[in-house]
Each structure stands twice: as C-alpha cells, then as structure tokens.
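Chain lettering (A, B, C, D, E and F) follows the sequence in which the chains are written, and residue indices restart at 1 in each chain.
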Amino acid sequence: MKMVMAYIRHEAFEPIRTELLTLGFPSLTISEVKGSGRQKGITERYRGAELTNYLRPKIKLECVVADTDVQTIVDTVLKHGRTGAVGDGKVFVLPVDESYRVRTGEQGEEVLQAHPEGAA
Amino acid sequence: MSLAAIPASVGINTIWVIVAGVLVMFMQAGFAFLEIGFSRQKNAGTVIAKILTNFSIAAIAYWAVGFAFAFGAGSLIGHKGFFLHGYGDPLKAFPIMGFSDATITSKFFFQFVFAAVSLAIVWGTTLERTKFGVYIIYAIVFSAVIYPIGSHWVFGGGWLQTKVGMQDFAGSTAVHLIGATGAFAALLHLGPRRGKYTVEGQARAIPGHSMPLFGLGVLILWLGWFGFNPGSTLLGTDGRFADIVVVTNLAAAAGVLTALATMWVKTKTYDIGMAGNGAIAALVAITAGSGYVAPWAGVVIGGVAGVIVVIGVLAIDKRLDDPVGALSAHGLAGIWGTLACGIFTSPRLATLNGVGHGGLIYNGSFRQLGDQALGVVTVFAFVFVLSWLTFWAIKKTYGMRVTAEEEEDGLDISEHGMYGYPEQFIPAPELVGYGGGPSRTVPPAPVPIPEV
Amino acid sequence: MSLAAIPASVGINTIWVIVAGVLVMFMQAGFAFLEIGFSRQKNAGTVIAKILTNFSIAAIAYWAVGFAFAFGAGSLIGHKGFFLHGYGDPLKAFPIMGFSDATITSKFFFQFVFAAVSLAIVWGTTLERTKFGVYIIYAIVFSAVIYPIGSHWVFGGGWLQTKVGMQDFAGSTAVHLIGATGAFAALLHLGPRRGKYTVEGQARAIPGHSMPLFGLGVLILWLGWFGFNPGSTLLGTDGRFADIVVVTNLAAAAGVLTALATMWVKTKTYDIGMAGNGAIAALVAITAGSGYVAPWAGVVIGGVAGVIVVIGVLAIDKRLDDPVGALSAHGLAGIWGTLACGIFTSPRLATLNGVGHGGLIYNGSFRQLGDQALGVVTVFAFVFVLSWLTFWAIKKTYGMRVTAEEEEDGLDISEHGMYGYPEQFIPAPELVGYGGGPSRTVPPAPVPIPEV
Amino acid sequence: MSLAAIPASVGINTIWVIVAGVLVMFMQAGFAFLEIGFSRQKNAGTVIAKILTNFSIAAIAYWAVGFAFAFGAGSLIGHKGFFLHGYGDPLKAFPIMGFSDATITSKFFFQFVFAAVSLAIVWGTTLERTKFGVYIIYAIVFSAVIYPIGSHWVFGGGWLQTKVGMQDFAGSTAVHLIGATGAFAALLHLGPRRGKYTVEGQARAIPGHSMPLFGLGVLILWLGWFGFNPGSTLLGTDGRFADIVVVTNLAAAAGVLTALATMWVKTKTYDIGMAGNGAIAALVAITAGSGYVAPWAGVVIGGVAGVIVVIGVLAIDKRLDDPVGALSAHGLAGIWGTLACGIFTSPRLATLNGVGHGGLIYNGSFRQLGDQALGVVTVFAFVFVLSWLTFWAIKKTYGMRVTAEEEEDGLDISEHGMYGYPEQFIPAPELVGYGGGPSRTVPPAPVPIPEV
Amino acid sequence: MKMVMAYIRHEAFEPIRTELLTLGFPSLTISEVKGSGRQKGITERYRGAELTNYLRPKIKLECVVADTDVQTIVDTVLKHGRTGAVGDGKVFVLPVDESYRVRTGEQGEEVLQAHPEGAA
Amino acid sequence: MKMVMAYIRHEAFEPIRTELLTLGFPSLTISEVKGSGRQKGITERYRGAELTNYLRPKIKLECVVADTDVQTIVDTVLKHGRTGAVGDGKVFVLPVDESYRVRTGEQGEEVLQAHPEGAA
C-alpha cells in the first residue's frame, strides 16, 4: 500500500477529485498548506512598512491506495494539476505498512477505497 | 392645514419621541450582535434572520391589535385603536399618554419598538438549538397578546399603574422582566445545548465566537437606552428627559465597574462578557427608576445590578443553559430595578409622575416596596403561565429543537441552507469556480449588451 | 443677532432635517456592510476604501455644482447656489424647498446625503472585480451631473414634478432607481465574476463571507430610512413626519415576511440574505409613497416588493452577476414603488403635498399611474444612456476590471496592498516578528525618552 | 410645574444638545472598532473591556469632580457643581455655558461624553501590550483632573479662552490634543510591541486583523462628529449648528481624498487605513475651526490634515510604535486645526462667538495665530508633564506592560481569560462537548420542569 | 518506529487523547483536514444557486511510536473512533526511519514519547 | 529520498526557511497543527465555566530531499528550533519512494529541490 501525497493548486482539486471518483477512488483527504518553492512570494504594504510572504497557499492531497493503483492516481494528479506555470506543485509516494477502517475494524487493502456505490 | 395653528410643543415633543423611538429601534441590532457574539460561528447567521423576522412580525401584530390592547382605554385590557384606526380623539382614546401632545403615530412607534425589545429579550436563552418556526409562532402570540396585556397593566394605564400605583418608568418589569419570563419558559421546554453539560452534569464552557461583535451589541444597546428611558417622558418641551439621560448613564457605568470587580474577585481576570452584562443589567435595573430616583441612587441601583448579574449568571449556569445570561441581566436585574423604586423613589418625582409614593429611605414606609413586589409577582405569573403553555403547545405540535445532527452542523446550514461564515466551513478548493488549466481560467465573456 | 427674533419653527425644523440627514449619512455604513457581508474575505477591505472615497467625492462635487443643478430654480436643470454661495434669499433660490424655514445648510446636507446614497447603490453590482479608479471617475460624473439632473426633474422642482405631477416623496425613482440604473450600466460593461458561471453557463453560488456583517448593514439601512422618508417632509413642526415613520416601518416589516415566505416556498429554507433583501426592497418601494399612502397601503406595497425582490434576484442571477441584488432591491422595487403611487395615493395626501392626484383605487383613473410610468421611463432612459456612455469611455481608456490573477488574489491585496483580514491569508509564522532563540525574544528596549 | 411657563427654546436646545451628546457617546464604539480593526485577533476582545471600563470610570469621575473643575466658574480651575449638586443657578454656576437655556443635565452629559472621547484617544498608542490595570488607574486621574483642568482653560471659561482669546470651538486642542498628549506620554514609557522592530531597528508591519471593523469604527466616528462639532453650539434655536455640520463634512471629505492621494503617490496603492486616518485627521483638524471658518476654508483645513496624517504616520512609525496613528491623527492634526483658526477664522464668526479675532488671511495679523500657538504649547506641556509623571508612577509600582509570553499569547487570553475569537484559537475537537460513541451523543434531557 | 496516521471524527479525539495519555502516550499531533469517502456530501443554497461539498471535516491524528507500541495506539483509536456510521475514518501505519527531539537534539526511539510525568 | 517532517514553534520557522534557502533548499511545505507532548496546556475561563486545552499550536514542516541531504535539513531545524524549553518539538524522517514535478511531469530526485536561481 502507498500514500500518494500531492501538493497542488486550489483550482486543480475539483477536476482531480471528480476523475478519481469516476475511476473508483472516492476516498481521499486534503488539507490547506503553505508552500515555498520556485514560485515567487508576495509583498504586502501596511502603513508604510512592508511584509513579504514567501509561502503561497496550496492544497495537500493524501490518498492511500494499493500498489497497483498508485500510477493511476499519480497520472490523474499530473494531468489536471498542470498549468505549466511555476507553482504547480509536486507529487510524492510514501510506503504504508497497514490500514484499518475505523467503522468496522477491518484491516488491509480492501479498506482503502470504497466500492463505486460508496461514491454516493 | 395652517402650520401657524399648531403649537410649537407638537413639533418639539414629536421630534423627541421619534428620535427616542429610532434609538430604541436600533437596539434590535444591539440584541442581534450581543447574541451573535455569544454564539458559535455555525450559529451566527440565524440570529440575523430571527431578528428581522421577529421585528417584522411584531410590527404587524402590534399595529393590528397589540397597541390597542396595551394603550387603549381600559383597566384590564385596552380596546381602542386596532390598526391605529377609528380611535377618534387620540388624547382620549389612549388616555395614559394624554399628557403629551406628541402625535399619536409617534407614540405608537415608540411603544411598538418597546414591544420589539421585549420580544428580542425572550430569545436570549434559546440560542443555537431552536427550530426557526418557534420564533415565528411565539412572536405572534407574544406581540399580539402577552406583551400588550402585561405592559398595559404596568404602564399602559392598567390596574397596577392606576389602582396599585406600581412605579415602572420605562419598563424594568413591563419590558425586561416580561421578556425574561418568556425566556425562562422557553428554556424549561428547550433544555441545554448539546455539550453544555457533561454526562456527570458538570457545566462546560461553550464560548461565543466573537467578543468584538458582542461588544458592538452592548454599545448599541447602551446607545439605545438613551431613547428607551428618557423617551418615556413622551415630552421634549420641559427638557426633563435630560435628567433621565444622566441617571441612566451613571447607573450603567456603575454596573460595569461592579460586575468587573465581582468577576475579578472570583476569577482574577477582567471578564469581557461580564463587563457587558454588567452594563445591560444596570440599564435594565435603572429603567424602572430612571424617572423616579436621584443620580446618586442611580449609581447604587446600577452598582447592585452589576453584582446581581454576575452572581446570577454563575449560579444559573450550573443548571440552566442561558447562553447570554438573559435570565440574570433582564430577569433578576429587572426585578431588582422594580423593587428598588420602593426604596429609592424620591417623593418629589413620584408626585411629578403622579404614580405611587416616595421610597423606603425617604419615608420609612414599606408601602411602595410592597406595591412594587405585587406588580413583579403578578406580571411574572401572568407571563410565565401564558408563555409556558404556548411553548408547551408548540413543543407538542411543531417541536422546539432541531435534531442532534442539525445542532451539530449548526443552525445556519441546517435551517437556513448556508453558513453564516461560509469560508470558515466550506473547503476552499470547493469554493473555487474554475478548473486548473489556463484555458479554463479566462473570465467568462461579458454578457452581450442588449439594444436600448 | 437676537435669538428672540428667530421663530421657534426654524430651530424645530432645522433640528429635524439635520437629525434625519445624519441618519441618512449613516446609511453609508449600511451599504458598506451589506456589500462586505456579500463579498468574499479577500474583497472585504476594498469596500471600506470605496465607501469613504465615494462619499467624499460626492461631498465635494455636490457642494460645488450638484446641489445647484438639483435644487436651484429651473425646469430642466437648476443653476443657483454653486458652492452654496451667492444665492441670495434661499427660499427663492431653491423654491421647491421654500415651504420649510429650516436653514439652507440643513437642507443642503439632507439633499447631499441623498446623492451619496444613490451613488452607493450604483456599486452593488460591481463587487469583487472592479478597478478602484472606476469608482473615482464615475463618482465625479454621477454626483456632479447625472444624479443632480435626474433628481431635479423628479423632486428638485423639475418638469416631472411640477409639469407632469409625478409623485416620488423621498426618491424610489429619484434616488434608488437612478442608482440601480447606473449599476445596470456598469454591470453590462463589467461582466460576471470569475467562477460565477460554469463554462456551460450555469450560475454558481459565490457565498458572501459574513451574514452577521450583512445583517448589520441591513439594520443600519433600516435605521437610516427613518431619516430618509420622514426627513423628506423638511418639516418638524407639524409632527406629520411621524406618520411617515409608521408607514415606512410597516412596509419594511411586510417585505421581510413576504420575501422570507416566497423563498421558503422555493427552497424550504429561511434564507437570511433574502430576508434582508426583502426589507431593503420594501423600504425602497415605500420611499415614493411614504408621504402619499395610508398605513395599510404601506403594508401592501412593502409586501409586494418582498415578493418582487426574491423573484427578481433568482431570475437575474441566471444571466447577470449582481452580488447584492441591487438591480432587484433598488431597481425593480424602485419602479414598483413609484408606480404604486399611481394606485394607492390618497387624494387627501396628494392635495397636502400639492403634487398629482389620488391613485387608481380611489378614483378609478389611470392618469396618475400613467404619469408615474412616464417618470420612470424618462429617468431610466436618461440615466442609463449617460451612465452607459461614461462606463464605455472608462472601459476604453482606463479599463473596468482587474486582471484574472488580481481577481483571484482578491482586490484587497491587489488594489490596496494589504488583505482586509490579514490573519486569514498570511501564514502565521511569517507574521511573527522575532526569531526562535530565547536571546532574540526579549522585547525591544523602550525608546529613550527625549528631553521635553 | 406648568409646561406653559417653559419657553420653547428650552425644549429645542435641550433636544439638540442631548441628540448631539448621544451621537458623541456612540463615538466610543467608533474608537473601539478602529482599535479592534488595527489589532491582531489575539488582542481584539480586550478593547471592548477597556472601552466599557474607561467610559464607566469617566462617567463616575466626571460627575463627581471633573465637570465642576472643567465648567464651574473660575479662571485656573472651576469649583462648582461637584456631583452635579448644590450649584444654585446653573447659568451662574457654569457661566461659560450661560448663553444657552438647555437644561444643565443636558450640558453636563454633552461635556461628559467629550471627556470620554479624550480618554479613548489616549489609548490609541498602547494597543496589544498594556496591562489592563494601567487603563483603570490613568482613567481616574485623567477624567478627574488632567482633562477637566486642561479643557477648562480652553473652552470651560478658563484663562486661555477668556483672557488670551484662544479659539477652539469643539476641542481640536481641548479634546484631541489633550488625548494625544496622554497617548504620547504613555508610549514613551511603554515601548513598542514585540516584533514591531527588527533587531536592526527596522520597522515591521504588524497588520491589524480586520479592515471592515476598522471601517465601521471610522464611519461611526464620522457620524459622531455631527454631534461633536455642531453640538458645541449648545443651541438648536438659531439653526446655526447646520452650518457647522456642512463645514465639518466638507473637511472630512477633503481629508479622505488628500490622504488617499498622498499615499497613492508614495505606494501606488489605495491605502484603506490611511483613507480612514485621513477622515479622522480632517475631522480633528476642523473641530477647532468648525464654528469659526467658512466652508471653503474647511475644505483647505481638512485637505491639509489628510496630508499631515499620512506623512506623520510614516515618519513616526520609524521610531515609535503607534498602532492606530493616534499621534498623527489626533496630535498633529489637532495642532494644525488649532493653528488654522489663526489663519482662517472669519472676523464675523469670531465676533459671533465672542472669542478672539479674525485670522491671518482676513486681517494680515499674526496675533490670533500667536494666541493659538500659545494655547497649544501650554496645554501640551501641562498634559504631558502630568501624564508622564502619572505613567512613570504606574510603571514603578504596578508596571506598564504584560510579560513577553503574555504578549505572545495575546491580551485576551492572558488578561481576560478567554480569546476574543475562541474558535480561531481553540482546537476544534477540544471545543466539542461530547464523546464519540452514539450512546453519548444524545442531547442531554431537558431540565425537569418545576411546579409553578 | 512507525507513524500512526488516523483520520477521525472531531468527537472521537478527546476520548482517544485521554486514554493515550493514561497509557503513557502524551505526545501526538492533530490537524484539521477535509475528507471524502463513502460519507455523503452536503449541499448549500445561496440566493437560488446551489453548491455541493463532497468533503467533510475530519481530524487527522499523527502519533509516532516504537514498533512495539503501534498496536496499542491503533486499538485505542479504533475503540473510541467507532460510531458504526459511515464516516468514522481510517487508520494508516507508516514507517519512520529516524527521530530527533529538538529541545535536546537526542535521537532515536527514546525521544518518541515523554515519560508519564511528562504528561503534566 | 526522504521526507523530513518536523513539528516546531512558529518563531522557529523563519530562521529555518532562510537558512535552508541559502543552503539551496527553497522547496518545503508547512501547515498549522496542534500538538500535545510534555508542554503544559492552557486553561480558559468563560462565564464561570472552565475549558482546558492540552493542545498547543505548532508548525509542521515537510521537506522532501535526497538521502544525502537529510542530515543538512535535520541539523538546520535542530539548530534554529531549539529554545531549550519544553515544547520545542520533534523531527521525523520518513522514506519516500517516488517524486514527480507536476508542472513538467519529471520524475526522480532532480525534482526535489529547485536550483539556486529558483529561490527567486
């Protein structure tokens, strides 16, 4: 099992989520993060003084899938996340040893992604 | 009609009554923000819908029947001026206000905003869990029947005022206690918010989401009180209302300081909410006496109210979930303020107002104090019974509170379909309205311009 | 000068006009918070800058030329009192206001705040995407030329008022429709916000960020209307303004309730924003009739306005991006209110005001209704053409809207250099002004005290 | 007492003075939100507690002794009317206000709210790091002694007014400069906020958390100024206060525009905060001249103030941490406004007010300008010395600022025990009041209903 | 060393934290996340237009422990996180190579969890 | 490739970011988290009732680098993160299997950190 961890733009998320859903991967988690990279910062002015932010808002997407599904997820993210401009982000793949579904206590790969009807 | 024919006093008095009424109308914003500040983010928007709806219902109902019940001639209940129509000579139709030549529409407006204030007070205990329809139903009953009758007795020319001689210049009992009594009845049927008490029954803190907005509410209420008490003279010509402005302000100031001090003694912190509650409680307390007592007495009455509200809130919170402290600030303080007339009313002002007698400290007699107590008890009982039954009926039919899940999601989204602070709840990427590719991020073309 | 020489009416009327004018001035805060509440966090600060700037431009421009155009003697356009200077006898120089002996400066102030209200209405359709300079340029043209001429015709003594006999007591057309027409012209050139419509042209929700602040705006506007309509009597002496207070309030109340009900039927939720829009629309609608109709008619006019605004907003939203619903609340409701005079004006009040005749239901004649319609059409056409051309010129030269990227970042940061809510946008660790080591966290030493 | 006996002027004047006083009282909300908007979220709630406490302390202290010192008969200090009691004939006891027959309680209230405004100004420099007790201690000294004596000299009938002939109609010096001087003294003892200056001494931006709330403050202050300046006539009968309304508004408008322009030249952005500061500075500047100068002069005075405040804020920020720009908006602008009388006062109005002479441009004489300068210098020196010593004593005993850790956590939690915006700080899962299992998520049973 | 990463309901956190504390695991980190899975979304209405959120708020819990303690943490989470309704969440276990305590610079397993008194 | 995951104080971040930038590691991501550990909680009072928070705000820093760079990152964090007081935080190192740059689709170690000029 792997966790696909992607840092993407806000606008990129909806298309990614929608396609993942249709591909049968409804389960994922996101959070708001701030990142720095090549992308330039932004400078604010306040009563004469300045303040520069080198961090820009990004969305962090986490999706744990079976090894065989990793490439599908990565490709979907790359496909919709790309604008070609600096700041598109990165995708990382981390190993996962074990998974559990809290509701049932089930364990292992089958808990990773809900079945299609689960997409409801 | 020739303007010359009209005495200057009509213009002067009408201007003052309308100015005062407009200040009192704005108290709706005060109550709204006091409640909003004491609510959690997920329940902030509903307060706006409630205030607008309740104020509107009261406007129609009080115009249709409420005013006639409250100020029309009659000892138990008034019965002139329904729809502000066909009442003949206003000075005779609404005798208790006959001493002022302000136009009847100005008096009506002034009395209506009082009714709306009393209604707003009712909901202080019901935040964050009440079904919206409850506000609608009770608002009708309250502003058409309960408040008009109760206030008629106390300052509409009813028996407590004219026969008993109960003193309540601007409504510590007639407006604030009546509202707080409705709030009490509602709370008994409603129960506490989820999570207010642990399974062991321990009270937990459910902090409101914005002290600044709470403070805005308090300051607006304080402002409004300069219409509330001084406006109750219904006269601008003699300039006496200015004395009442001063007494009112001194009382409020004392209330803030004593509440702050009391809380400091208890918790070693300068409690923001209690400072505000102290002001409100003091203003409520001085409402009855503002036209009857001397400035120094105002300081005492307000100061005591500041202590009462703190002790009241802390004690009540242990068993009853009253998010804004309405039971203490409007109920206990309203009772204290009404009784205080029995102690501090100056004989000179009692005579000037033509109601009751001087207080205990002036003539050593408990008579006025007794009359005040009688008034408090009857009004409380009357309003409590009617309100309790009304809410009982609502509970049995429509229901009083939302489901546990709706309460958890918050009233804004579950009752109103949208959060009060959408960006605090809706995931940012789901708010964005355009996909990632550059191709899709160009702004939609402007709508073609139609021929004119 | 000896005070004795001055009749009491001067003080009475001037006080009332100034009090009313001050209430109307405060409506600027009402519009500001209504717009802020309906904007996203990233565009909340710009509204403050806009309101302050526009109000200030209007103050200078209306003083310099606007007032003279609007209220100076003349049928097509006034031409006395530029810079409020050298006008001789004010009662003659500004004849249409000659019936009141309130000081000319009080009348000027009252009329100026009306101009500022009309200007504020214009921008309701332009939130979250307009270049700041657009506000500055159009504000000058509008408050110096467009509004003064348009309002002159309707209630400044111009042809619609004196020749046609069009009835518009406080400006459903003269203030609100004029503003909404400018808003319409602006919107046509501006186009919708990014993400308002899907590529398929489907309307999407772009929720404003704060219903509490929206509610504050509505309540302040409601408050201000007690200056807006009743103040238009320019007289305090006869106490008649109090009747107008009552009619105005009843209409607003009805509007809230019908808007709430209409929305409930459509969505089964108690829509907070629509309750507020209902109040505004009803207040706009009763503005024309407030001095012409009976209280019951006020309820009808307001109630219908509440339905109109809901249907209007839902329909318009499908094609035009009007974030606060200005086109419906000020435009459609303004038209309805103006026409309503043709239906509900009481002959008695028409005579008292000396403008036009009784309405359809009183005398079965469509004449007044026709005159009202004529007024609406001409004013709309006049303002639309001038505004459309002005915005066209601005678009061709300076440009109307910010870049897509600036729009995405928000106007606060891109136009004003700082967020309206910095802590909602700036990463916390970048706000902290001191490094990690204890050595570096000691507070900077106080500045050495200079010799005095 | 028979109403007939009372001349209409009493009602008219008292109504105007009270209306004006109530508008000024509401300025407390203006100062509160201006400061809140310029504070960080963690320090937003404390401002509410401070405003309520300070306003209350001032109310009691000014009633007890302040008013007697400020307006009682006397050249160096007044000494009649302690506790507003036993002063005999008010027109004689408070001679400087003897020209108006408004009731003494109305005059007292009006003067008290001025004292409260001056006190509120003091704290503009002290945000986000001051121990709460400092506010309490200094508030007593200031409202009982410092402000009463200083203002007595300038417009309470003291030597500067009666002997020197210094002109300060509503208090550019008497209210605003006095407040700003206290603010300066406090700042010298307090030092900057942590992180305001880098270790290299470079100024850093510490953005306030809410431009909308800042804007609310500015708009409320602007509103209040329509009571502040025009109310200082203490007369409604002659309608002259309306002229002052117009001058005041024109000045404010000019200040917004010049401040905006100046900042645009410097930073190429439309600075929201500076637009607001421009309005305040202009209002402060026109306060002295509002009763002495022509409208066009008001535009000049306000416009210059708008430039002064921007330059002042940018310059001062380099060395002194004045979060809201009080030193510039109230100090520099107050000085400018006072001196401006020496330049622009019209001889006619000087005669009408019976204080001083026409300004430089009218009679080419520097005399009045000199008198104004003398007044500014003496008042500044007097207030600075007393304030500096008071704060010095406080610092030595109680201490001026919270610990570095408390400052980092924010004053709301460290001084008041709770955040002003709890949900912005408290981890969401720790706010939830019920455990995970379904069994534990049922709402607590309503409290059993007691027998009534 | 492993990182136990759990996505849970808000109400589930307090009981979990309390029990972990008594079990001697005071050290953990949480963050607010939004997740999608089987759980249904929520639809908002605003001035006639609609807006649907498929993501629901969850709490993400991260707790790094020695391999031998993993099961204890997982069991505690499963025990208190379960309501039986869809949306209870998931638990994942990720490998961790190394750990350091910033305050002391210490390295290795002993830095993972403070000693009981540390729970103060 | 490894992900260095550090929980640090707010004040520690700027110095760390600046030094990493000069060292040629401009790319990183942070998020606001709440943590519990040895550090004491804080108690609020509200209208008589109490509320205790055992969680304190921290910054979570994530930085993916090549194995050879891990120590540099860790050392920088330890160096600037330390105040010596309880609550300084922890640093963890997690394995990463794969990385992609969204903008270009590139894969592997070279996408991890932008080149110096990237620091713009």
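Everything that follows uses one rule, which is that a residue touches a chain if its C-beta (ideal position, glycine included) is under 8 Å from a C-beta of that chain, and two chains touch if they have at least 3 such contacts.
All of these numbers come straight from a predicted model, not from anything done at the bench.
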Check: Stepping chain to touching chain, what's the minimum from subunit A to subunit C?
Finding: 1
Item checked: Angle, in degrees to the nearest 5, of the Cα rotation that carries subunit B onto subunit D -> 120
Next item on the list: Would you mind pulling out the distance in Å between where the CA atoms of subunit D average out and where those of subunit E do?
Entry: 51
Check: Centre to centre, by mean C-alpha position, how many angstrom separate subunit B and subunit C?
Finding: 30
Item checked: Inter-centroid spacing, subunit F versus subunit A (mean Cα positions, whole Å) -> 18
Check: In subunit F, which residues are in touch with two or more of the other chains?
Finding: 30-32, 34, 44-46, 51, 54-55, 57, 81-85, 94-95
Check: Mind pulling the subunit B residues that touch 2 or more other chains?
Finding: 8, 12-13, 15, 19, 204, 206-207, 216, 267, 269, 271, 273, 417-419, 422, 426-427, 430-432, 434, 441
Next item on the list: If you connect every pair of chains that touch, what shape comes out? Choose line, ring, star, complete or other.
Entry: complete
Item checked: Residue ranges of subunit D in contact with subunit B within the complex -> 1, 3, 6, 8, 10-15, 17-19, 21-22, 25-26, 28-29, 32-33, 36, 44-49, 51-53, 55-60, 63, 83-84, 102-103, 105-106, 108-109, 112, 132, 213, 216, 412, 415-423, 426, 431-434, 440-447, 449-450, 452
Notebook entry, point to check: Which of the residues in subunit E come into contact with subunit D in the complex?
Noted result: 8-16, 30, 32, 57, 59, 80-85
Check: Contact residues on subunit A for subunit E in the complex?
Finding: 1, 3, 17, 26-31, 64, 94-103, 105, 111, 114, 118-120
Check: Contact residues on subunit C for subunit A in the complex?
Finding: 409, 413, 417-419, 422, 425-427, 430-431
Margin query: Under the stated contact criterion, what part of subunit C meets subunit B in this complex?
Written below: 8-9, 12-13, 15-16, 19, 23, 40-41, 129, 188-199, 204, 206-212, 214-216, 218-220, 222-223, 226, 230, 235-243, 245-246, 249-250, 252-254, 256-257, 260, 267, 269-273, 275-276, 279, 295-296, 299, 319-320, 381, 384-385, 388, 401, 404, 407, 424
